[in-house]
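There are two complexes below, and they share chain A, which is joined by chain B in the first and by chain C in the second.
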Partner chain A sequence: MAEMTGTSAPLVQAESPLAPLRPARSGPRLRAARRRRQAAIRWVVVVLVLAFFVTPMVSMVDFTTRLLSGKRSGIAWRKVVDFGQLDPQAKDLLVDGLRTSLILAVLTVVIMVVLLVPTMTWVRLRLPGMTRTIEFICLLPLIIPAIVLVVGYYPIYRFIGQHFSTSSVWLALAYGVLVLPYAYRALDAGLSAIDVKTMSEAARSLGSSWAGVMWRIVVPNIATAIAGAAFLSVALVLGEFTVASLLSKNNLQTSLVLVSSADPRFATAMSLVVLLLAFLLLFVLTFVGNRRRARR
Partner chain B sequence: MTATTTAGPATATERTGVRVQLQDLRRSFGDVRALDGMRLDIDPGELVVLLGPSGCGKTTALRVLAGLEDADSGAVVVDGRDISGVPTNKRDMGMVFQAYSLFPHMTARDNVAFGLRLRGQGAGERRRRAEEYLELVGLDHHADRYAHQMSGGQQQRVALARALAIAPKVLLLDEPLSALDAKVRVQLRDEIRRLQLEVGITTLFVTHDQEEALAVADRVGVMREGRIEQIDAPEVIYSRPATAFVAAFIGLTNRLPGHASGDTVTVLGSRVPMLPGSPASGPVTALVRPEAVRLAPAADAAPDAGRAVVVATSFLGAHGRVQARLQDGTLLVAQLPVADIVALQVGQQVAVQVVPTPVLATAD
Partner chain C sequence: MSAPAAPVAATPTPAPAPTGRGGRRRGSAFVGTVPFLLYTGLFLLLPTAIILIGSFQDGSGGFTLANIKAMGDPATMDALWNSVVLSLVTAVVGAVIGGVLAYVLTTGAPGGALRRLVTAACSVLAQFGGALLAFAFIATLGTNGLVTRALASSLGITIDPNYLSTLSGFIPVYLYFQIPLMVIVFLPAVDGIRPQWREACETLGGSTWAFWRHVGGPLLLPPFLGSVLLLFANAFSAYATAATLVSQYNPLIALQIRGALISETGLGAPNFAKALALLMVLVVGVMMALYYLLQRRASRWLR
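Moving on, here comes the complex of A and B:
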């Protein structure tokens, strides 16, 4: 879900850089005509992309509000607003799934930040030759199908289940790996924008410890990138179903699937809400990023 | 140094510099020996410039002193104490880098106050001291600006204030001017020297720009292949180079054929005293500065003077340079007052004489 929504903006923007490449050998009228044509093409692309995303959502809204008899009803949406109207068993399942997913989102972000920010900074400072290797490792979860990942995780989760607990919160470890490709890209862009080496050496010479360099210098200067990585991680965690289901854990998506067998309209409405929430997160991310750039 | 007491946050009377010794430092990067038994003693309050071509090890030496690089062997002794194993953040050294190094998320004031905060100073005191040091570099009215709102020269001034604000034992300057344009470079160079004298801090300055080195240094150390080839006062380095490398690296040098006998060398008919280190007899190459070469219209010349043909002239303000070709094809450069150059024309026959200032000669 996260990667699908993430691609919509660049697709639209990709049109504009083409414009300056063409030589200006024609008069102002021809140029204006060309600009209009390009604007039109741009809008066609925007409309197509929006249609691609919006059509399924409109269909979801349609499904959630139409009864078998063909009559319209807002009952599914009333349940979204007030879980009290749900079947008690479904309600428990859902509240539990929602709570787990929110905890997982927070834990995943923490794991991602604690794991990636110091590692990537250290690699830049001390082991620049390892950059490609780290990048490759971080991109692996994109290439390896979830089902294969789960096969690898299974013995680990069996061990955790035997020695600690079977709680779904342990999924955060797997999610920490799943978000690596997105988080790596976001953080890499942030770190590339600053001269980490010189700044950390300056801070060290002024008396700062390595922890101080990370906390006082690196983190504030890549705050936008960290926020971006965090938003992407949250969006991914809230939409994750496969790994949770295959490892027999519960999260929001698995509970929605369970609820959907008894109350498909409500489950669909709820999925739509989560989807829109992810959209909102990514929108905020783009907005924050743009504002930062504009200020500089 | 013996600076007079001037207004400023820290003066020579408050702070005396420390002695810095680099003892037999060795450092290799793979097969490349960046430092090959380098030794350097810096007197308290002295400004030493390390000068040399790129890859000669000067920056590595400074980074080893700062603790940003570990030496394979050898010792770094500051104020009588071996600090080779002390991490950078405990070495108490202020450093200005070649690349702009201000923290972009902080104002100029916060940048200068950064080191003071790490030393546990209160907010009010930090602010006061930061503003004092910004005033010292003439940027007190830019205290609230961020790095991207300042020019390169201003950023380096703030970086200098930041390095000095922590009252370090040693100031390290790693080509701090090389990213700046020529005019700002000269201004800031002079300002660095003024501040260094005012504060009286022991300073190591690394550059590849010989003019910069000669202008600011108490002593210039010319480096080659991981060692200091010669270290002396700028005027000595220039006028009495110890080796052919130093002579060739500092300033312009003519390599003219001559014949040594005893402590003099005969070059183009002129007898010139030789510096120690030159061969005692036989054919040699004399290393002659352009300002030691005199050109005169051939008709006025002494009969034993060398002959040459003017190839080109160029004006550099009060003086100018003339390129002339000797009969054997050697091209030489002479530095003359403008009035003398006006009398010369391209293609004209001239007589060449060498002023009897001591020169270094190398065996052929």
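Moving on, here comes the complex of A and C:
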């Protein structure tokens, strides 16, 4: 609200010399009424949507603490705190899956940022004719989704397994492709919001190198978009099941599904924890993205 | 934002920069895209080629149309129809709810806690597919779910124990990732609507309706329709949640692929999964062709 009044103040000042004109006088009052209405609508919509999204979470909490007899038990949560209370086999599986997924999340974001950001900027600046080609490639994983792509990955990962290793970390190369459409759309929105061409031409005419344009002009201006693309990538990797399971690799999701058949309460409790951790991480990252934008 | 805009208005044709450009740099400019093209070539185009060629091959690698003909059976056609209906319903409902939520968020303070919280939540929930989502809804609407028990004890309504394995049961589950995806995808577009434009419209005597009819609506329609297509593709290609919810039969086309893939490693028809994959690609391909048309229209506005 403080920012809303902040933006309207200079406008009121700018309008005051035009006092004889009718809209100038009724403007601020109209805006105030609209803002009150908007605030009310905002809360109604948010609360309704929130109810839909919170109910399954509450149900998960209920499910993890309730035995079939209706009695309450904290055993599932004690296992979450201390994996030692788990069956040793389940514990090994889960620890391995968790570690793999975290490594994969980092590698996927690195692949995405290092390949996509410079390429998209470069194409905008120097090869505008290729924009459609790059966009087509980036959106291709929507036409060829994971369940389809995994069929084609099968021989490729057999080759990697034979010549390099069967480690689950290789999944990062597949995940880099799976995040392309979401990362592309986020970055494209960011790049469209700024006039990259004019800004880079200004920087170049002032003697900046291309690397300087990239690092000092483009990246700071689309920091929010890059953060957004990274959020989506991390969330996608932590939730990925299809490719890992059909290529017989172990990640967080596949290990949770395996554990869930024997211990559904623990698996559900663990899912909730994973979700909350991801949520906290992304919330912190949003703060970083916003601070950068504010500084700009 | 106004700072970079000012030079654009002042100098529509930037004078000093073009001197360095020309044919000499065309080749070196192309080199900049090589790493990206190499990577996507190996991990996106190569698997696609494997699927495309495989759909027309029999067990020994010879050309055949048997895989394509095998898709005419009622089970596959039913699955395709179910997938299209489910995707369409969840895309439209998700886009409307998500679009309203996105708009409502932009009317608040740009750096506000509410907006940060919702954005962060959406980026997690949009990818909250897979088995975890199935766990969540089994805990909610399953036989022993919280909502199931609450409805039974308070209103006497019994939810069918198999509800979550039915097509209508998939709708709330799919909306759980469709709505957040819509918010993420649509928020940048709504952010593009500047309050100054609204104020300009009012200064000229325009009503709220006039603003949405002549400024907001036309600007947001192409990105909105584009988002609907994206959501359709997202639902159509979702696999893990449905796979966890239904293990007995394969009511969706993505699950048919799972079935064909499993039987392929056994004694089933070779390469039938690849043919099904091709069918999926064709359906989503039509959506994407429409999306491209919309994009071209939207980019006309941006110039």
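Convention: the second predicted complex is superposed on the first by the 216 of 296 C-alpha atoms of A that agree within 3 Å, B and C clash if a C-alpha of one lies under 4 Å from a C-alpha of the other, contacts with A are read in each partner's own complex, and residues count from 1 in each chain.
Just so we're on the same page, contacts are C-beta pairs under 8 Å (C-beta built on N, C-alpha and C of every residue); 3 or more make two chains touch, one makes a residue touch a chain.
For clarity, every value in this text was computed on a predicted model and none was experimentally measured.
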- Message: After the superposition on A, what does A:Leu98 contact: first (chain B), second (chain C), both or neither?
- Response: neither
- With the two structures laid over each other on chain A, which partner does A:Gly207 touch: chain B (first), chain C (second), both, or neither? first
- Message: By the touch definition at the top of the document, which applies to A:Pro220: first (chain B), second (chain C), both, or neither?
- Response: first
- Query: First (chain B), second (chain C), both or neither: which does A:Ile194 touch?
  - Reply: both
- Query: What is the contact status of A:Met112 with respect to chain B (first) and chain C (second): first, second, both, or neither?
  - Reply: neither
- Message: According to the stated criteria, A:Ala174 is in contact with first (chain B), second (chain C), both, or neither; which is it?
- Response: second
- Query: On chain A, which partner touches more residues: chain B or chain C?
  - Reply: C
- Task: Take the contacts of chain A with chain B and those with chain C, and give the residues found in both.
- Result: 194-195, 198-199, 201-202, 204-205
- Task: Over in the complex, which chain A residues touch chain C? Could you list them?
- Result: 1-4, 7, 11, 15, 22-24, 27, 30-31, 34-35, 38-39, 41-42, 45-46, 49, 52-53, 55-60, 62-64, 66, 68, 111, 115-116, 118-119, 122-123, 126-127, 130, 134-135, 137, 139-149, 151-153, 155-156, 173-174, 176-177, 180-182, 185-186, 189-190, 192-195, 198-199, 201-202, 204-205, 225, 228, 231-232, 235-236, 238-242, 245-246, 253, 256-257, 260, 264, 267-268, 271, 274-275, 278-279, 282-283, 285-287, 290, 293-294
- Within the complex, chain A is touched by chain B residues 66-68, 87-95, 97, 99-101, 103-105, 114-115, 118-119, 148, 159, 162-163, 166, 172
- In the complex formed with chain B, which residues of chain A make contact? 194-195, 198-199, 201-209, 212, 216-217, 220-221, 296
- Listed in rising order, the residues of chain C that touch chain A in the complex are 4-5, 7-8, 14, 16-17, 20, 25, 29-30, 32-33, 35-37, 39-40, 42-51, 54, 97, 100-101, 104-105, 107-111, 114, 116-121, 123-132, 135-140, 144-147, 172, 175-176, 179, 184-185, 188-189, 191-192, 195, 199, 202-205, 208, 230, 233-234, 236-240, 243-244, 254, 257-258, 261, 273-274, 277, 280-281, 284-285, 288, 291, 295, 302
